[in-house]
Amino acid sequence: MLFSMNAIVPLACVTAAALAAMVAEAFRTPGERMPIAPLGLIGLVAAGIATVLLWGHGYVSFNVVAGDDFGLFVTGVLVVIGLLTIAFSPATIEREQLPAGEYYALTLFAIAGMILMAQATDLLVIFLALEVLSLSVYVLTGIRRDSRAASEASFKYFLLGAFSSAFFLYGIALTYALTGSTHLDRVGQLIAGHTFGSGAMETFAVGLLAVGFAFKVSAVPFHMWAPDAYEGAPPVVTGFMATGVKAAAFAAFVRVFMSAFGPLSAIWVPVLWGLAVATMILGTVVGVMQTNVKRLLAYSSIAHAGYLLVGMVSANAVGRAAVLFYLLAYGVTNVGAFGVLALLESKDRPNDELRDLAGLWNVRPGLAALMTVFLLSLGGFPPLAGFIGKWFIFTAAIQSGYYGLAIIGVLTSVVSVFFYLRIVVMMYMTEPEPGRAPLSAPIVPRLAGAALGLATIVVFYLGILPTQLIDLATQSVARIF
Amino acid sequence: MVPLSQYLILSAILFVIGTLGVFVRRNLITILLSIEIMLNAVNLTFVAAGRAFGAVDGQIIVFFVMTVAAAEAAVGLAIVIALFRHRESLDPDAFTSLKW
Amino acid sequence: MQGWLSIVLMIALGAAFAVGSVVLSGLFGPRRPTPEKEAPYECGVPPVGDARERMSVKFYLVAMIFLLFDIEVAFLYPWALSLRDLGWTGFVQIVVFMLILLAGYAYVWKKGALDWGKERA
Amino acid sequence: MPDQILFYLLGGLAVVASVLVIGQRNPIHSVLLLIASFAGLSGLYVLLQAPFVAVIQIIIYAGAIMVLFLFVVMLLNVGREDTDVDEQSPVFVHRVSMRVGALLAGLLVVELVWALASAGTLGGVFGPMSQAPPAVTSVRTIGHALFTDYAFAFEVTSILILVAMVGAVVLARREAK
Amino acid sequence: MSPTLIAQIVILLFVFFMLLNSAAIMVYVERKVAALLQQRFGPYLTGPHGLLQPLADVIKLMFKEELRPKAADAFLFTLAPVISVTAAFAAFAVVPFGASTTFFGLLDHPIPLQVADVNVAVLVIFAITSMGVYGIVLSGWSSNSKYALLGGLRSSAQMISYELSYGMALGAVLLLGNSLSLTELVNGQAGYWFHVIPRWFVFLQPVGFVIFMIAGIAETNRAPFDFPEAEQELVAGYHTEYSSMRFAMFFMAEYINMVTVSAVATDLFLGGWHGPFLPASLGWIWFLVKVGALLFFYVWMRWTLPRYRYDQLMSFGWKVLLPIAALNLLVTAAGVIYFGA
């Protein structure tokens, strides 16, 4: 146990960038333009470098922030998601006249909260990190103040988020009442040693924490907020919250349940099993019926939460590594997909209905091709990232003997291919409806283009040469659990 | 001395009252107040448990929970104000442009 | 414990006194309402509309900023009492805390949330 | 024994006030009732020998958070906001989904009480408080722990406050023309 | 009934009635001082030198008709003044006004001269002060009158704006005195530096004292921060619609709050009951003298300074007083650590 500040360096970099963005915005004279986005990129890159440097050292700071490889892997994923998000943002900010300084500050604060959530080893700190990221994301959801849908989405998200936070907190309180500590190691020791009594209390503590996490990762039946929030928010923000929030929440989910509540897996595995099945099925089935691309991707992201839960239920080394790998694959792919949607938005209409995409191939072949790659990866086609992720997850399930889960997973994946292909078909083979103005051809800013390119490369890289990252993921879980 | 379990039961009852409020009320302000009730119920658990352990942690955690409650209230009410610019009602069912 | 009961007693006495005098004056005083007496005072002009119109959002902003800084002040008390044990470490902690909040203070100041003269916020 | 009586009085105050909070039609009355509920909780904290938390509860919750609520209620003038549907039906039974919610909540309370009551028969922490170790009442001890064990969490709260500040200003500020 | 318990009940009732009287006395003093400053006589018809004037006022108010706007919220309209008065009384409960005493040997153990001895007294004062805002907000809202509503909102916004500086000034004293108990804080101010200068915190904390007094004046809504009475803009602010005893309650709360702020300032900064010449058992005389001086200062301010404009008031509180208070706190903290106090 080395007391040092090292483990919080990535966090500090992002926070510093966020503070700088805020101060810059405060001292900006009205109308002045400031390079706030590059500021954020610098902070994130610094955080990324710090992450790489910290890899393998296992520093612990303040006794509550762990720079272990598990946390750092997720930090890395979050940094990538953050970089892509910020790269896609300027176009949206410009078009929607969003308050730029606040937008970047909140995004960076949210990333800081996510990183902290992935690294924290104390339930209280996890809770605080969760709140930092949630509050930022609630505001980002409603940041288009002139849009009624955005305000409503923001409120619904806030309401259910705050509600679930209360459940989560109550879970922490019961854990504290049982063990006298909120520190995961200590809780884990005490639970393993069974130095206290009531089984019912344990069940409640675990159950309430699970509900709290399930809300954040949008697992069925706690998913109600997701489609609305995703639809109401600007697409960039949607991509950010569909991936970043999920990655952070899953990281904490895995850490809490595997380390502290590992000995109680008899209680939570069946619950998560049920959640996983419901989430995969509902996400897929309802997704098929959507006509709005953002809602469709929302349900797709719900279904993906189901696959991630499968990895958790497997509760073996492969499963945990699979969750990490999947978070990366899914994160990059989904941010890319929403990035394309963000670039397609135009001032007068959101272009997020399925039929809006008709004939995209003719207008912007590049964007259409990239979108196809992302969608196919989400659907789990080889040789793309999503395929490896799913394969990895289902392997874990089979290894642990959860054949049912694996079968349901494969089946829902097959069904989900249908709705991803529907978009692809729309883009390539359908003519725009007569009487509807054709899709305008937005200019792709250089930064966003680079980000899209990067995302595509990562998607292919993970799909074709996954071994390196699989090794990293396996390594990082091996050391702590 | 009152045993811990009674405090825990009391806080459970309060928590459920808060939960109930979120479900049955339609006035946005009252829903937010219900969430405050829930957080307060949790605080009681922390303080009571901390007392039972003779530890200081319970009281400190309550401090943090209050901070969170304050931050949530500030943002939540700001969202209500933003929402109110678009709608004149505070009834969440009146917001129909997004489906549940 | 006893101290707290005394505070409660004092509160009870104060409240009883206040309620008592209001009730007494209600008993002693005449009660001859006229529509004019029941109208809100608007400098002799007949009242227009309902008073409970929506007020400036500034009041929200100021209460919000107060709330958030009030928490900072609340954190200061335990800090003030343990500072002698904590020494410079404790000092640095609070300085970092305040510096971070200073960013927020600068932000709300520059955004005009603290200005009441011109309609800016 | 006087402790037990005080516990019932204060706990009763908290519960009754909270029930009334969600049963009220007028948000201002709800806010005031919630303050009463906080006062009850505050008394319970005194009973639990946590006077510092009791006072902070009043300062932050009653003195600041509720003021904010009150201001917003006045700001939006939502004196009597509920719709006609509400006016006719009793507050607690609206529609199917809400009945389900209420049912679930009821179930939750039964189970929780059962779980916690069974905890009461156990020894250890759940035994009578008279066996509990002495309480920590000194604010100095609280401060010391807060700035050593919880030092990091404390700094995180400053970020949380900042996020809330920026978020609230962004959302509530009038559109900059 | 143990003698200690009886003694405590006696103290409680004594403080209660003294506070009642203090409001009456303050009304008289205020009018006399105002007259003095304006070269008039002030009240002189009722009783010798007009001494019975406050009593006459009370009797008059008691028999006045209660007016209430028709659309007002009846319950809250009555609740608001009750809250104001109750908060005013409660705040004094934790203020000690003399050294511990055995009442001429009647008791076995000396008890402190205060209503309630709690170990977080300073915070209790802060908490109760922060509750006072409800009386104002609710009176403004329940009256259903535009002047009252705007006045109530303004006054309450003013109160919360100055509360932060008030709290920080308290924090600086806590740093010096290293205690949350007012009795201990006062006892920390006993003795002299170089045999001449009393060890009052005001000499270590001049800035803190000034901040505390300014914030205290603003908290009690007194001139030059007396928005409720900005008659040019708001008629009578939040209590525009109040009459008879309900009005008297607000009036009374204002004066009791003045007394409380002065008493707290005396305990925190002016050494409480410590002073030369008098034995410790008569320390309460020093306490009364100091509180009286501060109250005179209060009244003097009102009749000397013009009223601030609202935007000036708010920006003074937020942009000047708050940063100074924060800085003062940090400097004090550094000093405390550096000198080991």
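Read from first to last, the chains carry the letters A, B, C, D and E; within each, the first residue is number 1.
Heads up, the rule we're going with is that contacts are C-beta pairs under 8 Å (C-beta built on N, C-alpha and C of every residue); 3 or more make two chains touch, one makes a residue touch a chain.
Only a predicted model underlies this, so the values are computations on that prediction, with no experimental measurement involved.
If you apply the touch rule, which chains end up adjacent to both subunit B and subunit E?
Intersection of subunit B and subunit E contact lists gives C, D.
What is the shortest path, in steps, from subunit A to subunit E when you may only step between chains that touch?
So the least number of steps between the two chains is 2.
Counting one step for each move to a touching chain, how far apart are subunit A and subunit C?
1
Of the chain pairs B-D and B-C, which one is connected by the greater count of C-beta contacts?
Pair with the higher count of C-beta contacts: B-D.
Taking each chain's centre as the mean of its CA atoms, which one is farthest from the centre of subunit E?
It is A whose centre lies farthest from that of subunit E.
Report the inter-chain centroid distance for subunit A and subunit B in whole angstrom, where each centroid is the mean of the CA atoms.
Whole-Å distance between the two chain centres: 26.
Calculate how many whole Å lie between the centre of subunit D and the centre of subunit E, each centre taken as the average of the chain's C-alpha atoms.
The separation of the two C-alpha centroids amounts to 30 Å.
If you average the CA atoms of subunit C and of subunit D, how far apart do the two points sit, in angstrom?
Those two chain centres are 19 Å apart.
For subunit C and subunit E, what's the span in angstrom between their mean Cα positions?
That gives a centre separation of 16 Å.
Give the residues of subunit D that touch two or more other chains, as numbers and ranges in rising order.
In subunit D, the residues touching two or more other chains are 51-52, 56, 59-60, 63-65, 67-68, 71-72, 74-76, 112, 116, 119, 125-126, 139, 141-142, 146, 149-151, 153, 157, 159-172.
Counting only residues that touch at least two other chains, what does the list for subunit C look like?
Expected reply: 4, 52, 55, 57, 59-60, 63-68, 70-71, 74-75, 77, 80-81, 83, 100, 103-104, 107, 109, 111.
Pull out every residue in subunit B that's touching 2 or more other chains.
Within subunit B, the residues that touch at least two other chains are 4, 8, 15, 18-19, 22, 32, 48-50, 52-53, 55, 57-58, 63-64, 66-68, 70-75, 77-82.
Please list, in label order, each pair of chains that touches.
Result of the pairwise touch check is A-B, A-C, A-D, B-C, B-D, C-D, C-E, D-E.
Residues of subunit C touching subunit E in their complex?
2-7, 9-11, 13-15, 17-19, 21-22, 24-26, 28-32, 35, 37-43, 47, 50-52, 55, 59, 62-63, 65-66, 69-70, 73-74, 76-77, 80-81, 83-84, 87-88, 91, 94-95, 98, 109, 114-117
Where on subunit B is subunit C touching in the complex?
Answer in residue numbers: 63, 66-67, 70-71, 73-74, 77-78, 81.
List the residues on subunit E that touch subunit D in their complex, please.
Spelled out, the residues of subunit E in touch with subunit D are 73, 76, 79, 118-120, 123-124, 126-128, 130-131, 133-134, 137-138, 141, 149, 153, 156, 160, 163, 180.
Touching subunit D in the complex: which residues of subunit A?
Spelled out, the residues of subunit A in touch with subunit D are 8, 15, 19, 22, 30, 61-65, 99, 102, 105-106, 109, 112-113, 116, 122, 124-125, 128-129, 131-132, 135-136, 138-139, 142-143, 145-146, 154, 177-178, 180, 195-198, 200-201, 203-204.
Could you pull out which subunit C residues touch subunit A in their complex?
Listed in rising order, the residues of subunit C that touch subunit A are 100, 103-104, 106-107, 109-111.
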